[in-house]
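As written, the chain order gives the labels A, B, C, D and E, with residue 1 at the start of each chain.
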């Protein structure tokens, strides 16, 4: 009974994670400018990472695999936002301005 | 379930690749490369589970660690050569 | 089944296409860095060919798991060969890039035709 | 299932390759190359080549990209468009592709267990490794012992590339070249610095794990060397070249390269002195199985040292070179 | 100590590769630069001694087999040295050692002191790589050592002060890597169909393969790949510039042996592995290679006749000589193969001597175009005389080594039935062309008025001595050719013996 509950739980997590991944991908493709695309990609990425790895950890149970999954998750959560930050920063310094309103005029 | 999930990731990889090809700025491409990297980590982790060999998570771990090096190197490069990188946005 | 069998050759076709793309880049492009990129694509295609042949249906990577009976393993030998070949590829690439850097310093360009004109 | 994955990944591979050829911006081409390499690694992984995938990950996505970029920083960045010479190239390539595709129809298809490759040598390796070496990773067994001589050659290929790059770039850059250590872009950014510093020890630690776990899981000396090298490269990116060279000076790197190569060769010669053939590790200890294990451990250490030192030397040779103005 | 009582003879094939290879990193540790040269020379001489030792043993009927790591073939990597291998090893290590002995003054003048240890180290790697290709009996292992030798040769060629060496070496790198990768595809296909990498095992198993197409394609890939490495006409385009602009002493080493090793592998594959098992293979082999060889001989000789730069002239002549070697092999007869093997040896002697003499000339003449070299014989009589001897050997004047192999080649061509007269005519015509271009060199050196105002002195003694050693060897092996001929005909028998 508990096992199936854990299963259901992890399926839900994995499913939502997958949905977030897809949303992020679509966002990165469809949104109008760089900063919005970055926004879409990085936010969903973090969420999806947490959800998917949590789901897999539930599946793995208490084992070495779970530990490794946790490690991967932690590293991804550290590196992905850092990369996004560095990217945004580099873009900003190069003179590319985020626009105040969506589709707004250049300042 | 894992199959569906990995297909979702694969589709996202396609989307990221399209973004990498389209540009239009260098930063978009870096963004796409970074996305592609993290999606690969996810894909590998999921496939390791799908194949029933979770001991191969090492690979995903290696990717997660290495990815940052690549992205930071690209950014470093852009900032080292600012003028030319700007000029080279469109192709 | 028929379609599936044809798909079994898909890897080899991709190998042929990627190989051709790489070789085309090497032959047709005059930019030296582009040539090196083409060369590494060309070599990667060969890696793909070797790794394709190591796969066994229903098999798993050749790391024997304790306590699991009747496992089918993929072929370890092509993997070993390709490990070596990847290293060779990187080494060639590094050396090629070093030469390109020196060429740029000596000629001020990395386009083959301009270099030929310079001498 | 695998076929669907393969279909997806391989199609992406082809698209990426075509895009790399088409783009005129070399910088973009290099970034796409790193995507290409990630795709290649994913392909290797689903084709059961875990060791190769790990290598491709450590080398292709990390080291190669970094070396490409630092070489690109020293040269031009855009490609000139030249249309001449396309047609003969297309003809050559078309002939080649036709030839190969013609040959494929007699080839065993993907995963065919009756293919000749799976009949002769491979079963022997798979059957005898547990008995002769007593560890599970057959790839490491073949790499380290059955075909250890190839791996020795591999180490010397890396060695040749290392001394080659040092030799070729050992010439003084032309007059007027500048090197501006402060131009480094990431040195004053707090967040990458903090996270990077946090990550470096883990990368090195993971490298050591891969080094010594190679007999049990995917990994070994080469992958470990590349991982540790990328850790140091990360340090160089964050703190600047000079700091990285202070932390791990060039003489230490050369020592690692020479030491690693000599360690490998020395183990081989020791086997001759102890009455065996070259690289016959069984004679190292009284028990042949532990002899094999010791030998593989030692040579893997040699590979790791040599590769790490060589890749870092190559990186520094490019990254620390002044730019032609 | 233990070493004294140990018999190292069975380990010779392994030591042949290991000794120079392990010395390569070690000489980086020798800080004073004179020591680096001394160490490298010692290693090169030692490996020559090993090769000589094996050649003598092989000449009395021995055949070396060595299981690397103690794993029997095909599970492990096997090394094997027969008559052919011993002959090629003699060429490789002899060229490496002789050029290294003479290298010091030439290297000092062309390469900065702090880069010299790296240069010598790369030299030993090239030597080890070439030797490794020759001794190996494993298809993939050949690839690995091919790459070691290629990478090291790229480094060596790029080493000089001439900036034109850089584009030349880049072209070599691209074409060499394509060649090696083609070879890799070829052995991959063979491996796919036979499941083995050991050459002898391949030969045994190819016969059982029913789907022959991949094997045919593999044979094509291997042949083209190795032909690229061997600079067989028309795939030779990398060679002239690479040889012309490399440091002079490097040209001596590489011109004497690098391409011959690729031909050795090509011949081994064709005769050991494919010959028996593919229908009409010898016919395809001759049909494909003989016209190329003939065209190569004629075209390259013609180009050499009108070439103005002395190094490029001799490089084009090398392309023609590669044609002779391939021509002999394409007869698929014992006489032809003997002539081929003997010509490898003799051409190495002649070309090595010529390039050594040029390295001597280059100590005083910066510009090596023919019009700048007028009257050089007056100030450098000994160097010029050595050049004349080696030049005669290249042409094939009786009394020199070159004559022996040309004669054998003509002899072998006589047996070729309907086209015999045509073959003989081409060989004689190209020999006349060779005479013409060698005469241009002699004329310049002896009969043209001096161009350089102040008379330069003779070449450095170290270089001159080695040059004369090689020149005398040209005469010595012309008068007493028994030893190389015995090895060559044993090689031919071995190649065909396995085939019949």
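Please note the rule applied: a contact is a pair of C-beta atoms (placed from the backbone, for glycine too) under 8 Å apart; a residue touches a chain by one contact, two chains touch by 3 or more.
In this text, all values refer to a predicted model and were calculated from it rather than measured experimentally.
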> Which contact partners do subunit B and subunit C have in common?
Replying inline: D
> What shortest step count links subunit A and subunit E in the network of chain contacts?
Replying inline: 2
> Can you name the chain that lies farthest from subunit B, using the mean of each chain's Cα atoms as its centre?
Replying inline: E
> In terms of C-beta pairs in contact, which two chains are most connected?
Replying inline: C-D
> Taking each chain's centre as the mean of its Cα atoms, which chain lies farthest from subunit A?
Replying inline: E
>> Can you work out the whole-Å distance between the CA centroids of subunit C and subunit D?
In response: 12
>> So the centre of each chain is just the mean of its C-alpha atoms; given that, what is the distance between subunit D and subunit E in Å?
In response: 31
>> Could you work out how far the Cα centre of subunit C sits from that of subunit E, in whole Å?
In response: 29
>> For subunit C, give me the residues that contact two or more of the other chains.
In response: 19, 23, 53, 60-61, 63, 65, 77-78, 81, 84, 88, 91-92, 95, 99-100, 102, 106
>> Residues of subunit B that contact two or more other chains, please.
In response: 13-14, 30, 55-56, 58, 61, 65, 67-68, 72, 75, 78-79, 85
>> Please output the residue numbers of subunit A that touch at least 2 other chains, ranges allowed.
In response: 75, 79, 82, 86, 90
>> Going by the touch definition at the top, which pairs of chains touch each other?
In response: A-B, A-D, B-C, B-D, C-D, C-E, D-E
>> Please output the residues of subunit C touching subunit E within their complex, sorted ascending.
In response: 19, 23, 26, 32, 35, 39, 42-43, 46, 49-50, 53, 77-78, 81, 84-85, 88, 91-92, 95-96, 99-100, 102-103, 106-107, 112, 115-116, 119
> Within the complex, which stretch of subunit D touches subunit B?
Replying inline: 1, 4-5, 8-9, 12, 15-16, 19, 23-25, 27-28, 31-32, 34-35, 38, 41-42, 45-46, 50, 53-54, 57-58, 61-62, 65-66, 69-70, 72-73, 77-78, 183-186, 192, 195-196, 199, 202-203, 206, 210, 213, 217-219, 223, 227, 230, 233-234, 237-238
>> Quick check on the complex: what are the subunit D residues that touch subunit A?
In response: 185-186, 189, 191-192, 195-196, 198-199, 202
> Inside the complex, what are the residues of subunit D that reach subunit C?
Replying inline: 2-3, 6-7, 10-11, 13-14, 17-18, 20-21, 26, 29-30, 33, 36-37, 40, 43-44, 47-52, 55-56, 59-60, 63-64, 67-68, 71-72, 74-76, 79-80, 82, 85-86, 88-90, 92-94, 96-97, 100-101, 104-105, 107-113, 115, 117-118, 121-122, 125-126, 129-130, 136-139, 141-143, 147, 150-151, 153-154, 157-158, 160-161, 164-165, 168-169, 171, 173-174, 177, 216-218, 222, 307, 314, 317-318, 321, 324
> Where on subunit B is subunit A touching in the complex?
Replying inline: 1-2, 4-5, 8-9, 11-16, 18-19, 25, 27-28, 30-32, 34-35, 38-39, 41-42, 45-46, 49, 54-55, 57-58, 60-61, 64-65, 67-68, 71-72, 75, 78-79, 82, 85-86
